[in-house]
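Below is one structure. I have some questions about it.
By letter and in written order, the chains are A, B, C, D, E and F; residue numbering begins at 1 in each of them.
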């Protein structure tokens, strides 16, 4: 059984990671998972949130958003509506947690790494592309800090992090769902893993039929392979410079 | 190794489900997981959200909130701040999805089951207690509809649903974390399961050390047992009336 | 003429005051006026609002809210609407003023007593029940402060405070209106009094026919008797511990 | 004992009611109580709030606001803060209720009388001046409707309405407090009365010492006389045209 | 060709500038351009916005608003809607920039001149009347500062500033448009000039047909003459005291 | 005198217009003025704003925003702050008016062209680049409508529109200011012109010294030449397909 775009069930879409897409950010990446296109920018800012002041430790946080016409039909801007939607909140928090999972914030001093993931074009997997791209931009921002002597000690990055979606579509477990597949999926899962192969986050949801333990196991295995491939793509991008 | 409150690693806190705590709601439950106390109210309202009008189908949605002094130190009210926090959004959406996972909305006609979960006292596991209590309140609200001939056809409820938290605390997988355990947990997971033993939602997060596949498997097994017990408690409460 | 629930015109509904309903708050009370049920929590917090800093004096303030399904039909959450309604504002301010009327804030040091009154079930008189219950919770919070040596001097509480509603229903002045009576009342009044029998607040409104001076006098007399009874109930609750 | 501005205890400040201050409003009045200056505008608009549609009845509602520099020191705009304060809400609701107390809304058809009271300069008594001025503007707006045949039947206005503040200042009951007196008052009361001498609203608050029944009676008597004078001033203004 | 109100194309409406309209503001003016009536208040407040602290320099800023019934039909309050509209923002910024164009903020010390322009009645040209009136109120506020020794050095005011609208109505360039003319204008321009005859702001917009360079030149010439007349009126008002 | 980037005073930065940058929008352009990079998307949506319903006419409106890290230092998101700033409002309105200046909305039927201009990287001139790019995207969206028979009649586009900034920097009038120049400019002007050489909008502001009529004339002449060049670039981009 082939998929809508000709891939096999365990195949990622073409991944492109373009570093330095913004000239002014300390780290920036345009990441593409097929037609999904996310601009990740990492800003190094002095200081930490109030509740963390005086701790001597840094902080990593993230904000995710979609441009109004990144989607097939236009969505209203959250700035115009005057409030963030639940989905935006949820994904922003996920991206932040995922990156904090591989950063030793004690090494940052009282500085904040502010990660912005803005979806320019959406075709499924925007949150997993965000995490995967943001890691590379974060890596560049840490290099920027190192070059300026801003790090307390090394290593800041204890590992790398990547993420991928998996789901059961028409009864079959599949890797890296594009939008039409995501809509049809009975259940889907976003999996965030370190380069070392451990889990930072597993979020599985049955939109349609609940899934059993066997299906869950198959999805996790697919995701493990997908994250390993993405880890390789990140490494290649970082070595390319 | 015993836990802070004397439980064994695979033991739930005492569960109490008090039905009909509110006289005016179509279904209501005060659910207690130890000291965690959540008031779940289900309101049957005519009509569905705009995007669903004309479908002939009903809807189930949920809102979760904490009273300002449900916690150890007081938190500001979200109504006063003028916006919902990310955590509130996230849990509200989780509760709604979990309940929709066992409701056949086509049977409801164009009516909405609005579920309110208000945490009166918090000691860890408020979201899992909310789901577990809300199911029983929902069951009573469906009975209320049946008695008034408001159901299109049966069954509305395709299964029951319960939820429990699990986590790795001091290196050991544990069931149903109370607040102090939750704070110390390196990773924790909320698992939502049907009475039939399938998964509706799995949300695992490494707050500290990432977890490997073996730990993940152990946590899932603990959660399966915990949800089965909660399912039995729900059944007992429903038979008691 | 008997009332809808069999009471005489000058009779209160059964009053129940349960202290310590929350384990974590410095003072807490579940107060019931018949079916009206309000959870009052008092939090002792360091510091005072900005405009009071450096005065050496403390502060007492209150927030009132209703759970969405405390009422007969569900109301939208103010946190979701993103703004407080006028009624919520009005009652929060009334509760705060009423309590400040019997507290000598100079004795508190620069600490704030934050009072939360959350209506769990509403059947008329929620604001008067809030004040009556909050006083008892406040008393317990002051004891908590005394035991920790946080008071500047004594007495902090210069008197007790209780409140009751009165109104003209079908032409007859009545005490402690329940919801159906409140709706039918031509005019109603909320009266806040000290244990010593003086007035802190009198708020009378003609919803239907304006009232004359004679009716006003009768309502005040009814309220004086009602508040005296509530004062006795508060004292009994405080002595019970 | 004379007052700060030479008045006796039972004397109003000079009252000026200027009709037609705005050329475009259906009714408008600039009302002055001494230096307190409020612009009252009444707009006749087709339709009623949603919850009243189909009733065949009209509606009267009010909004009160203060210009930022109406006060001695500038206050921030509520439009800039993005939310209405509790005091604004409270007074808007009071003005609306007071006017509805003398309007037979069934006579208006499904039209709304929208009353705007904007304080241009504040020196105490802005809410009572608002009510007193708004009545005259409302009277003119009703005349405007009558001339266009928009009234269902007569009378729309069942009486007139006026309001005044009273308070105990330095132990003495006084009428129509100006700002410095209001600040010093131990207790104060706003009283809204019909031209016929009955009460629509009584709001008494002890800011300092609670008041006893005897003081309450004296304040009410002062207010009755003050409202009678204001009623005469309203009549004179309406006859002047 | 005469205009709707009998003026010639290059004629201003009657201008009235009433100083000291508010007793409590450091500077205040009621300015009238025909029926357009704006209340301008200038408040002297200690301190400057955060980004300017420590600079030793002052600041001038402005807020513009319309009363809900200043217009022909009532508009909703921005405070009730909870957000400022684009037009309000735009004009507030324009008024602030225009005044800063003639103030040497280094002479103010770290104080802020806060300018409030509230439109009481609108008939076209509210923004130009605001600027023209605000200058006079600002002048009085600077005098107030001078008398209290609050100025660092002189001169604070490097020039005066006035503003007028011009537009092409029915093909003919006209000065100082009233509302009906403004609505019919194919293009209109607001011009802010110093007393010395230089430009601080030129804002021309083609609402209908784009205008060519020749029309633009004619409009600028009309505006120069109008601003000169307004400058004379300002001077007369300031000398009158 | 050469400029910071080697240009002469009357020289534009390199202009790049990339059509079809988004696959899903009816019209889209990535426009670059040097390092300034704006993504313009035009969405064709059925229906018009409420106040225009039943007119048979269409509508064109625009929203402008900057990504948080488009600038040299990160700015907070307006969606997170919960309100749009004044500058955002002002530019959104400018872009909308500029495009409406060359669209005959009667030809659109009751459809709306919604224009989104999102600044990905900012180096001065973001509003003029937005207008210039948006015109090309709008042209493509109109072609999309034509191909689907959605136009009432032709021509929809009565002309083209482009915009450029000019300003006096260090005493010399210059074309198309980049960020460092903009900051140093004593006065600057944004000029919006049709392809036919007439003016749609002229917005000149003296940030520093007011400008005289002679300077104003020079700036307008520079802008005329700049807009003509941009018009040529738009035409070339449109012919390229």
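Please note the rule applied: a residue touches a chain if its C-beta (ideal position, glycine included) is under 8 Å from a C-beta of that chain, and two chains touch if they have at least 3 such contacts.
Each chain and its UniProt protein: A, B, C, D, E, F = Ribonuclease PH.
Note that the structure is predicted; figures quoted are calculated from it, not measured.
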item	value
Fewest hops from chain C to chain F - one hop per pair of touching chains	3
Contact distance in steps, from chain B to chain E	3
Equivalent of A-B within the choices B-C, E-F or A-F, defined by over half of its residue contact pairs recurring	E-F
Cα superposition of chain B on its sequence copy chain C - rotation in ° rounded to nearest 5	180
Cα-centroid distance, chain C relative to chain E, in whole angstrom	50
Geometric centre distance via CA averages, chain E-chain D, whole Å	33
Numbers and ranges of chain B residues touching at least 2 other chains	82-84
Overall pattern in which the protein chains touch one another (line/ring/star/complete/other)	ring
Complex contacts: residues of chain B adjacent to chain A	83-87, 89-90, 92-93, 97, 101, 159, 189, 193-194, 196-207, 209-213, 216, 220, 224
Of all residues in chain D, those that touch chain E in their complex	22-25, 28, 35, 39, 41, 43, 45, 63, 65, 67-74, 77-80, 82-84, 88, 114, 116, 118, 120-121
